[in-house]
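Chain naming follows the written order as A, B and C, and within any one chain the residues start at number 1.
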Amino acid sequence: MAATDEGGLWVYAERRSDGSSFTPVSLEILGKARELARQLSVELTAVTVGADGHAAADLRKYGPDHVLELAHPLLARHDGKAYATAIAAEVHKAHPSTLLLGATRNGQDLAGRLAVRLRTGLTAHVTSLELEGKDQLVGWVPGFGGGIEAGITCPVKRPQMVTVRPGVFPLPAEGPPVGDVTTVTPHLSEKDVGSHRVSFEPKGTSIDLTRADVIVVGGRGTGGNFARIEELARALGGEVGATRVATDAGWVDRDRMIGQTGVITRPKLVLVLGVSGAVQFTVGIEGAGTVVAVNRDPQAPIFDHADLGIVGDLGPVVESLLRALGED
Amino acid sequence: MRIVVCLKVVPRPEEVKVDLETKMLDRAGARSVINASDLNALEAALAYRDAHGGTVTVLSMGPPQFEPYLRVALAVGADDAILLSDRAFGGADTLATSYTLAAGIRKIGHVDLVICGEESSDGGTSQVPPSIAEWLEASQATYVERLVPGKHGTVHATRVLEDGKETVELSVPAVVSVVVGSNEPRFLDYDRWAFAQSAKVLVWNEKELSGDPQYLGLQGSPTAVAGLREVKKAGRRHETLTVTPDEAAARIKTEIERTRLARS
Amino acid sequence: MAQASEKMVAPVRFDDGTWEALAATTNANLCFQCGTCTAACPLADNTSMRVRRLIREAQFGETDPFVWKCMTCAECNASCPRGVDIVGIVRTLRGRQWRTRDVPKGLPTLLWGMYSDGNTFRLPPKQRASWMQDVKVPGKGSTLLFVGCAASYDPRAQRIARSVATLLNRAGVEYQVLGTEEVCCGEAARSVGHDALFRDLQARNTETFQKRGVERVIAISPHSFDALKAGQSANGGPEVVHYTQAIAELLDAGKLGKAAEKGTVTYHDPCYLGRHNGVYEAPRRLLELSGLKVVEMGNTRAQALCCGGGGGRMWMETDPPERTGARRVKEAAGTGAELLATACPYCISVFESERGSEAIPVTDVAELIVGRTKA
């Protein structure tokens, strides 16, 4: 496909599984795309897919020039094959130069398929996006367990496709609704659908520490006072974790135990409070992005595993931290 | 059920270096391992075969040095192994890689289920499984933790999404990627070593794959690496302080903000 | 003759394979079911572990799931009037469970780590030498200090490695270490019944020993000590000693100084140093070297109560009633000694985590000596 940019910048606005609203990352990307579109002097289109056209109004608040709704009963829920088929048909008509998607699980599920359908380049879950030259995007992608970042481009094929991680761009401010809305009914039949939903179990019924981005861990030093740990976790939008000592004592459930014989976690941030740091525990946080530890004992092995270590009594530090966080 | 497991051999992440002058990846000193979630994929395939019958073939794309790792997979329990190897496949991005793997799967023939790991520890794009599905025009389910047969030759896959777990019915042939840690990979069986060492690992090159050269290797890769930079310092910062609670709170708050968790 | 019951009873099926395997690898056939082992087993007090019954069931081809609770402390071996290798029976029974993959969760992952990463923690191989930091190792000679996974990777146990190296350096011993070329001794595999992986890892280390011209190995962990010795037998190979034995020899040769006498210590005999290998006196002589008076616990030497970390238990979750380590720490505190000393990284790890409200500090013999004596 020739490098044209008649169709401008497109952003795929993904709906949540229950169809209620758009994923925050879609809106974050829309915000960034608005800025890019201005820099490139092209138009921005938000593309959304679903059973019907109700959702358009919500997207207009984030300032796209156009909203394109693809509506069909067979598109009621995410199916990689059907969604790729519907979107590809529109791409072939409008020739956007760029297509940005959120790197959610369904977003990735769609993007990988769509990129092949369009025979174009896809750069996956970038942590930053830069513009080079006339319309060349460079997406920085972590690899090798996060130790190295690669800057990836799609020099020739169009649209250049990029998926963006949640939280990379800020949530844009809402404004008065702008942009026109076009609703299209794609030509689809049963054979375009690859999967059918049998059931859906909403999250919240089970704890999954392995996917938590933020974890607050309490150990022996909490003396059993997990109310404060839970409060801290809530304030940070994270999960509560624990050491074997804490679960043995019955202060928290066993499924919150982190370590070699418990859960291995990879959060972006973990606060390790009142934990000595035996190796059987620390292997459970080896992959954490940032480790902050608080312990009364300056010799505690946990400090060998922390980026930031505070030697001090847990209670006063936690109180001060809750106060400091509450100030926002 | 004829099951194919796509396996990738990756360098140990902590042993890969970036040559900061040439901005090139230096994998030469790095030892290799089988990508972690591919072991989960292999386990999912073997468990499915053990429970419901069928065969498990491991398929990989890479240089001849990957062969011993395929033999490890045979020792774990796979029935046979195929390596797609040719200079022409080299330098491939995910489009070209998925094209090549799909060509290999088509050559195997009559494949019902393709199981991959959710992502590899080197590139980490998680794009290859849905891309393979598209090349094969097969159905797909990504981020799966559980796979059971459905009625009339379908498969039920339970996907782990951000807001819950979705079970979908897939028509066969289907491509599935499994979440790392979704099962506990069985350890290799030393009684199978003799078989694993002596088994014939099929090696298919470009000619045998009869793929379209425009989608192979470097020339078939629409994306390119414009630059590289090293990110993580080796190990933890070890900044340990003895300060007042308020000062501690301020430092911790700064650290939290630094990890870019502006939203709760 | 009593009247036949109306209830139909299913016929019992015997699987001879299990008993045949036991007969081939152990002297299990000597067992005459006296039950002394059950009485000796430290788990019998708080759990339903019954060693005699476990052996009896094995005769019928049944493997009691409690076989996985065993710490391989060898109290049963030590008490058996016929010298049955009951620890060997446990290992063989576990070995058979691997064939049907009927093993506790987490063990396959442990083995994968040992196989691929060469250590029990799934940590990077290239970090194996990080314990060395500021310690200079001579790096020559035919004596090898085998560090082991715990002392290489566990920060608490790394202090033991540095202490042993320091003492060897003070005595002017010429020795080398394998650094990142060292791989796990495989004891954990042997303990959980996976003999094949154990022999694979043994072979890897043996090859490196040969390349480096090693004639004598000093092991830091009693588990490595036992495993490296077990791996030798038929093939000859280097002499293997535990560090307490090596340092005791240096003491006898006058190569290390003594401290002024003061204070008390109680010494815990690690199962793999004491009961399994009969090394009781060397560590005690080293403690005298540190200037402390050794106060014995009631269960001492061959009667020592296991810390609970052996038999692969270090890598499995242990419920509170099974934790003999907690009982042992209480016993140690009960002697009134100021310190609890031992010579095994697993024991140290367990005691540190089980200390709880018992204030008694836990120390390794080598680190105690380094702290109390001068160069």
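Keep in mind that, in the parts below, a contact is a pair of C-beta atoms (placed from the backbone, for glycine too) under 8 Å apart; a residue touches a chain by one contact, two chains touch by 3 or more.
Only a predicted model underlies this, so the values are computations on that prediction, with no experimental measurement involved.
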Chain occupying the most central position, where position means C-alpha average: B
Greatest separation from subunit A - chain, by CA centre: C
Selected pair, greater C-beta contact count between B-C and A-B: A-B
Euclidean distance of C-alpha centroids - subunit A vs subunit C, Å: 46
Separation of mean Cα positions, subunit B and subunit A [Å, integer]: 20
Distance from subunit C to subunit B - Cα centre to Cα centre, in angstrom: 38
Where subunit B touches two or more other chains, by residue: 14
Residues within subunit C bordering two or more other chains: 106
Shared interface positions of subunit A, touching two or more other chains: 304-305
List of subunit B residues in touch with subunit C within their complex: 12, 14-15, 31, 33-34, 39, 184-188, 190-191
Subunit C-touching residues of subunit A, taken from the complex the two chains share: 244-245, 248, 260-262, 276-280, 283, 286, 301, 304-305
Subunit B-facing residues of subunit A, complex: 16-18, 24, 80-81, 84, 104-106, 108-117, 119-125, 132, 138, 140-157, 167, 170-171, 194-203, 210-211, 213-214, 235-237, 264, 268-269, 271, 289-292, 294, 298, 303-313, 316-317, 319-321, 323-325
Contact footprint of subunit B on subunit C as seen in their complex: 98, 101, 105-106, 108-109, 111-112, 115-116, 124-127, 194, 196-197, 200
Residues of subunit C touching subunit A in the complex: 106, 121-123, 150, 153-157, 314-317, 320, 349, 352-353
